[in-house]
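Down below are the structures I want you to see.
Look at the two complexes coming up: chain A is in both, with chain B in one and chain C in the other.
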Partner chain A sequence: MTQLALVIDLNVCVGCHACVTSCKQWNTSGAAGPLFDDNPYGKDPTGTFFNRVQTYEVGNYPNTETIHFPKSCLHCEDAPCVPVCPTGASYKRENDGIVLVDYDKCIGCKYCSWACPYGARELDEKEQVMTKCTLCVDRIYDESLPEAERKPACVMACPTNARLFGDVHDPDSEVSVAIREQGGYQLMPEWGTKPANHYLPRRKTKMHIHEDELVRVDNPLKKEDIRHKTTKDVTLDDWLL
Partner chain B sequence: MHPAFSVIFLTTLIGAGQGLFLALFSGQLYSAVNLLPAQESSFYITGSVIALGLMIGGLAASFWHLGRPERAWRAASQWRTSWLSREVIILPAVMGLVFIYGLLHFSGWHPNWFGNAIPNQPALIVGVITTLAVFILYIATGMIYASIKFLQEWASVLTVINYTLLGAASGFTLATALAAWQGSGLIGFYGTWAVILTLAGLLSRAASLYRNARIKYKSTVQSAIGMRHNAVVQKSMGMMGGSYNTREYFHGASAAWFKSIKYIFLVLVFPVPLLLLWAGFSTASVPLLATAFVVQYIGLLFERWFFFAQANHPQNLYYQTI
Partner chain C sequence: MKKAQFMEIEGRSFGYLALLGILGAIILVALGAWYVMEHHGHYVTGMNNAIVWGTPHIFAIFLIVAASGALNVASISSVFNKTAYKPLARLSGLLAIALLAGGLMILVLDLGRPDRLIVAMTYYNFKSIFAWNIILYNGFFVIVAVYLWMMMQQSMNKYSKPVGIAAFLWRLILTTGTGSIFGFLVARDAFDAAIMAPMFIIMSFSFGLAIFLLVLMASYRWTGRPLGDALFQRLKNLLGVFVAAVLYFVLAYHLTNLYATEHHGIEAFILRDGGIYTQLFWIGQIVLGSLLPLLLFYHPSWGKKRSLVGLGAVLVIIGGLIQLYVLIIGGQAYPLEIFPGKEVIESSFFDGQVAQYTPSMWEVLLGLGGMAVALIMVALAVKILRFLPTSLADEDVDPHHSA
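Up next, the complex of A and B:
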């Protein structure tokens, strides 16, 4: 069993929105037709996006940290959005675990978007069908692309390499190793949706230096010994010289 | 959630139509065992036509909710997993059965299958099946909401009970007015049941208000982004002009308006119709009883609005600030 997914490293995401724009660019140019944009250059522009980058502040001033948090469909392993769909337009692919919407079957009833706790689905106002991240299913299997480019558009665009892509069921894949070794976690685990996408937490780089590492105990000349204060008392040297 | 008028009309109209059918059929059932006087077939025919009309209105409203109504037939395919699909199947079935029920009363076909001169036996049989279907439809409608476990205000058996009781109450209130209008002797029977169902609805709706006021939300901004710190604030939601996420999941009403809707529906659905029913059925006054139904129905529109607006979707945690 394969479960393709993204692993997003919050430790390196700088919040540049390159993944947002590249996602929009790729998905608005595909065979499924453009993604709706309303009033793009006017007041209150709105439109369909599969991916957003949000920003959070953690802690109290002055001890705060800024978290840039990209959010798209998590391709849940137990996707609650799929069984509720009355038409079968929403489905999870057996072979790679990608959750997709068949735009030709969807009736735009919005029920699946109510059933996604993450708000990952957006109804396209023009087409009146439900849309969401496809994990660039029209890209990752495209053999006309060089193999290195058979990745989701967001992963290709990320300048800091904060987005990893791969099979989270293969224990030796880059994503599985990252999840295992760098504390990868899932969003809202309380609902049992088992999101396939994982997030890597912020990590602090710290060095631990022990005292005995500063002093070479085996140095015969004690050259590096910590200097003690000289004393004003009479010493043996006064007697000899 | 953002209350959609299409769904508000769908659920209230079919609820009242189903309730009216239950009233018609229970009248017929009681008269079959000689507990109540038998009615003219014109009473059942008029009643069935009104019940069917209400459900047609509801069905039309539901089409208005769809982005792609021309494909609505596809929604019947996933009945194995989706309560919405089950509703899509059972609603036309109920409508067809109510139509047949009315037609059997209209036809004047009175075979005597059970021997002891029970009037209109074919309609009795169809009525039993229809009653079953009506209850399945109430359950399906309620379960559409109750089955989404993270909409915690909805995820309760009270949702299904409320849909059933409030729909049945408005149907019986309408049946009382209908009985007064048709001059039938069932005003007392329907009126009593309308009062009982309205009071039962008050109990279960009050129970769900009580429950919802004390909900402890399982999701927090900490679990939403996976950051273990007490002080987490959103600084940007990633766009400024709004999106589907900001339109579909927030009711957008002011806190004062939201709160007053609750009191409006609590007054319009329960005490006012009860008073009107009480005043109306002692005098068999058609205007009073008709007003009782209209007031209760309008109250139910507010009730449904509040039902949707009160549900707090966990995705809202991601959309706290522009």
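Up next, the complex of A and C:
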């Protein structure tokens, strides 16, 4: 069974919110109509966003680092929002594993919002139905788009390529390889919800350089340590040495 | 002890008409408030993406829980054969239906899309406890209506016991369902506890009887019919036991949570650091809603004064609303634990922070409207049908009365 998902590399995410704005742009222009905004240009803008970035700090000062954590619906394989829906408006597609809300069947009881442990449900405060990330289902199958663009808007927008998209059940897919080889993990796996989206952890990039690599054995200067007299004119050696 | 005589109230006095007028006006205002919320959307309310169930839900759940509790008085007579309560059984059944209707009115009008009620009635996801509740509520109306019929038509009286037992079992299942809406919430720290279902049942006993006692006092006082002290004291003592039982469940719930480290965050929030929620919990729920009523009910002299007992019942109702507010709004305000041990220092969308909620006027008005619907239904029904005994004087109802 196919399970489409996002893999987000926290090592390269810089928290620029490009995924947030591109998501909003694509989905507010979609068939379901504009996503609600309250006071968008005011002091405390709020509204419906399918994708959000949170920033948290790990460690104690001065040994701290900041982590930017983009979060949208994780398209759980055992999604807790699906069984709680009284009308079955919240459902998981069998063919690609995307969790969706049928906006025409949703009665707006908001119980799924209680059930989601990740806070990924977004109430459209104007339409009064529950919404959430669709993995850009209206985009990824759109054959009028060039094949390279049949990806979620957030994936297309990410300037650092922190977001990968693909089938996490296909062991040879780009996302599966990334999860396998770079320590991809799920958010709060202890809930047992089996989130399909994965995160690649922060990784320290370290190089081990031995001293003899700095002082080369075959360094001609080391042997003789004689610098030839140079002219007073500026030569290329002045810059190199 | 005589066989109870039931009689409609006259219902022509100025007071009665004024009562209908006031309740009707509250209902009209509530419908107007609903229209504002429906027309503009969720954002004119205090609710937001984090607090999705606001004040209307507090009133709705209170009334629904109280509805099943109001039926208890009838159950005590039919199921547990306490003859002293038999004359009260009809009012008990009526109040149960009326309170449920009021609660459901709020619940339905507070849905994002009340126009899609037909969808809720035709598509059932049987894995959803919410869908089960829809069935349980509808079934409760039917079963209590049949129960009232069995009690009120003399030739059917012989069936009132089996139907009464069925209604009693149904109401236990119904409140289990209501409590399980919260008990089945795995995702939230404040919930996901098996104690929710029994706690809601005992809460229903307390809230339902408090409303029953007040309606009984008001209707007998305003109609000038006698209400005996012995019966009144019995009901009052029973209410005191229920209030104490709720307190016990609240204690057990918090002690269990305090024992488990993973729940320390939510416990600290409710019991110590939660600002308005902490104040509401200690002052509203514990002192005003539990301890003070217990004092009023069981104080040797205060407990005999009807006005003070009535005040106690009012406090039980206010405390119950506050209890649900702390439980439901407080439970939502406490942020989800997505990054354990990490403090979210910045989120452009308020995630990881305590959610802010201020009830809007519209929400409160809709909630009060539901209460008014319940009361106006009772007021009209007792005028049209024979729900109230002509006398509840001790010599008429108390089997142990010695004149």
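Simple rule for what comes next: the second predicted complex is superposed on the first by the 206 of 241 C-alpha atoms of A that agree within 3 Å, B and C clash if a C-alpha of one lies under 4 Å from a C-alpha of the other, contacts with A are read in each partner's own complex, and residues count from 1 in each chain.
The definition used in the following text is that contacts are C-beta pairs under 8 Å (C-beta built on N, C-alpha and C of every residue); 3 or more make two chains touch, one makes a residue touch a chain.
Computed from a predicted structure; not experimentally measured.
Novice: Are chain B and chain C a fit on chain A, or do they clash, once the structures share the same frame?
Specialist: Verdict on chain A: clash between chain B and chain C.
Novice: Would you sort A:Tyr185 into first (chain B), second (chain C), both or neither based on which partner it touches?
Specialist: A:Tyr185: touches chain B, not chain C.
Novice: Per the contact definition in the header, classify A:Ile107: touching chain B only (first), chain C only (second), both, or neither.
Specialist: Both partners, chain B and chain C.
Novice: Considering only touches as defined above, state whether A:Arg93 meets chain B (first), chain C (second), both or neither.
Specialist: Touch partners of A:Arg93: none, neither chain B nor chain C.
Novice: A:Val58 in the overlay: touching chain B, chain C, both, or neither? Say first, second, both or neither.
Specialist: Both partners, chain B and chain C.
Novice: Counting only touches as set out at the top, which of chain B and chain C does A:Cys116 meet: first, second, both, neither?
Specialist: In the superposition, A:Cys116 contacts both chain B and chain C.
Novice: Applying the document's definition of touch, where does A:Lys194 land relative to chain B and chain C: first, second, both, or neither?
Specialist: Touch partners of A:Lys194: none, neither chain B nor chain C.
Novice: Check the residue A:His169 against both partner chains and state whether it touches chain B (first), chain C (second), both, or neither.
Specialist: A:His169 contacts neither chain B nor chain C.
Novice: Based on the superposed arrangement, let me know which partner A:Phe36 touches: chain B (first), chain C (second), both, or neither?
Specialist: After superposing on A, A:Phe36 lies in contact with chain C but is clear of chain B.
Novice: Touching chain B and also chain C: which chain A residues?
Specialist: Common interface on chain A, chain B vs chain C: 17, 20, 46, 48-49, 52-58, 66, 69, 71, 80, 83-89, 105-111, 113-119, 122-123, 125, 127-129, 187-188, 191.
Novice: Help me check something: in the complex, which residues belonging to chain A touch chain B?
Specialist: The touching residues are 17, 20, 39, 43-49, 52-60, 66-67, 69, 71, 80, 83-89, 105-111, 113-119, 121-123, 125, 127-129, 185-191, 199, 201.
Novice: Using the touch definition from the top, list the residues of chain A that touch chain C in their complex.
Specialist: Listed in rising order, the residues are 17, 20, 36, 38, 46, 48-49, 52-58, 66, 69, 71, 80, 83-89, 105-111, 113-119, 122-123, 125-130, 187-188, 191.
Novice: Spell out the part of chain C that touches chain A in their complex, as residue ranges.
Specialist: Where chain C meets chain A, its residues are 41-43, 48-50, 52-53, 111-114, 116-117, 119-120, 123-125, 127-131, 134, 181, 184-188, 332, 336, 338-339, 342-352.
Novice: Can you tell me which positions in chain B touch chain A when the two form their complex?
Specialist: 1, 65-69, 71-72, 74-78, 81-85, 88, 144, 147-151, 218-219, 221, 223-227, 229, 231-245, 248-249, 313-316, 318-319
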